[in-house]
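Before I ask anything, let me first share the structure, which is written out below as structure tokens.
Chains: A, B and C, in written order; residue numbering restarts at 1 for each.
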Amino acid sequence: MKKLAASLVISSLAASAGEAQERPAGRIAPPDVYVVAPGLGDYTDELLFGDVWLRDELKPRDRSIVTVSALIASGRIAQVGGHVGRALDNGVIPSEIGEIITHLAFYSGWPNAISAVNATKEVFDKRGIEPVAAEAGQPLELDPASEAARAASVDTSTGPVVPGLAEYTNRVLFGELWRRPQLSARDRSLVTIAGLIATGKAEQLPFHLSRGMDNGLTRTEVAEVPTHLAYYAGWPNAMSAVPVLRGVFEARKA
Amino acid sequence: MKKLAASLVISSLAASAGEAQERPAGRIAPPDVYVVAPGLGDYTDELLFGDVWLRDELKPRDRSIVTVSALIASGRIAQVGGHVGRALDNGVIPSEIGEIITHLAFYSGWPNAISAVNATKEVFDKRGIEPVAAEAGQPLELDPASEAARAASVDTSTGPVVPGLAEYTNRVLFGELWRRPQLSARDRSLVTIAGLIATGKAEQLPFHLSRGMDNGLTRTEVAEVPTHLAYYAGWPNAMSAVPVLRGVFEARKA
Amino acid sequence: MKKLAASLVISSLAASAGEAQERPAGRIAPPDVYVVAPGLGDYTDELLFGDVWLRDELKPRDRSIVTVSALIASGRIAQVGGHVGRALDNGVIPSEIGEIITHLAFYSGWPNAISAVNATKEVFDKRGIEPVAAEAGQPLELDPASEAARAASVDTSTGPVVPGLAEYTNRVLFGELWRRPQLSARDRSLVTIAGLIATGKAEQLPFHLSRGMDNGLTRTEVAEVPTHLAYYAGWPNAMSAVPVLRGVFEARKA
């Protein structure tokens, strides 16, 4: 079963990279990896794509959302195109890709988002994907009680010190962005959590882990994010997330 | 008034990007943004350039210094050229651009600075800007009392552990770099603060916020830096700066 | 003596960049640096290459390992090729370069490692370097007692929260990667410490500083890493490492 999944993964990725002929059967790592760092080649094919990506704890679509989000948030633009292709193969639709980028403009800055647009546009062009439609229906409803508590906290703690940031946080970030229907609240949480872990931002992580579990992420899925991101953002960022997850899991159990 | 300022901003940026014809009137966002992530296109034109950049709390020249510094410090080199052009339009002179890069070589490492040189050189060439003159007059005087206290603190805390770093800090970083007359002390503080916030370095921020206010930055200007940088370095880095600003503002009030 | 070393450094770097003719004698900084930021040009030639690289506290081979590791870990890929060439000149052999990249795939994520492979492959091609051999003898022995303690700590602290990450940490990261003979344990520690300091990851630094000194790094060498990295990852990352080093030095003295 895992073997079949692996070969599907391999063929789709090889095809999307357009380099199927250059690689021996079953290999995803680019040939140069085996020339310069053969150990990395083996780990790429046997461990990363032959094991990590096939784990049941997170669906392929979610792994793609986590990976693309980590790449954009940490500015690893050279890998965005390949993984946007993979995300499309794994069921993330074009308007969701565009909205992940929009979301991460706020959570990791405009420069990363604009660079991600350029990398994504090339993939869309190659695949003949139409421009994403600008409109997508009614804004989502956020839970009024927790939204009121959140806004009050920003007004109290951020407002008196950095008033502009407080205002944009309440009016735009939560008042508009999180309500846009192009991406579900659950997926926005996954994008945000992946971005925070990949860039080592521990301060905002407890709030977004709780919010993500309120939005439908399971504990198993949440715990798999740092496992997956150890490979895409490095062990230190993954390990630093562990005590934060422990704290949130314990607080929600109590 | 804001409308006029906006249209000036738009025309200068469109011209500097050399793509005026491809964009509908009034748009700064590259056309591909609307294709891939139309929400991001709207936020770019209506929110970022139509609102944030026009706020009175920080002058356009200062916003450009903050933006260019954040881009260089966080290694977002793909956007440096465009914002160097914008900084020149907003009144930052070429020798100041060069000195911002020199300053950030120390505050964010040589690799970012060298990459920024290459991006800037292209802008200088396109605009026919002459090579920056090597000499620029007498070194600035730093306040002797606070400089002696600073140096003593480095000797005591860093000296016994990492002697090389202590020596370079006192002899070169503060003994030379901060005294170079190519950039005012106030602007160096703005560059440093923007770089620290953009890269999430909270440890050094209290010292540089205080120093910056001693160097002439107002509380309003300082508070606008994380507001502006929410858009260029992401919300988490901006929000993490808030408690640090609060601490410094309260300490200086007392 | 220093003068001779400096001129060797200069000629090898100039040659490896293939731009010897464009630069005045004795200059390593690319000519554009003097055009855009003449102060940075002087600091590059007189301070960075004329002083820092010549300090006795760390050998040129170690400085190259530290520099290449910092560049890869922080994603400063534009500078990787030049410093891989320099590392080869300083005695790091090709299989060690490949293994530094493999090691940093785990410590800073696959995207940085894959980008480093591409930059390194170009250098190998230019120099006619053969593909690195896949096999390299028996796995290294790690000290069984400290390895058992480390694994138990991961099982206890990480296992119940993020089980996948705990398993990969014990089975692959320490069970395989650290035992690969392509790079000595001492050099792996140097790579890891440089990567952690360059990316501002303080949490994992105490463990790896201790491990590095157990693996043969001297206190003088360890203290020179942040001194060197002030120039390659910026002063804030270097200064943030100082209290961590102090804590480890004091704990080992007791």
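Everything that follows uses one rule, which is that a residue touches a chain if its C-beta (ideal position, glycine included) is under 8 Å from a C-beta of that chain, and two chains touch if they have at least 3 such contacts.
Since we're looking at a predicted model, the values are computed, not measured.
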{"item": "Copy-to-copy rotation for chain A and chain B - C-alpha atoms, rounded to a multiple of 5°", "value": "120"}
{"item": "Interface sides of chain A and chain C: same vs different residues, half threshold", "value": "different"}
{"item": "Chain centre separation in whole Å, for chain C relative to chain A (CA means)", "value": "28"}
{"item": "Where chain A touches two or more other chains at once, by residue number", "value": "75, 200"}
{"item": "Chain C contact footprint on chain A (complex, rising order)", "value": "30, 32-40, 42-44, 47-48, 52, 55, 57, 70-71, 74-76, 78-79, 198, 200, 223-224, 226-227, 229-243, 245-246, 249"}
{"item": "Sites on chain C touched by chain A in the complex", "value": "73, 75, 77, 97-99, 101-102, 104-115, 117-118, 120-121, 124, 131-134, 157-158, 160-165, 168-169, 172-173, 180, 182, 195-196, 199-201, 203-204"}
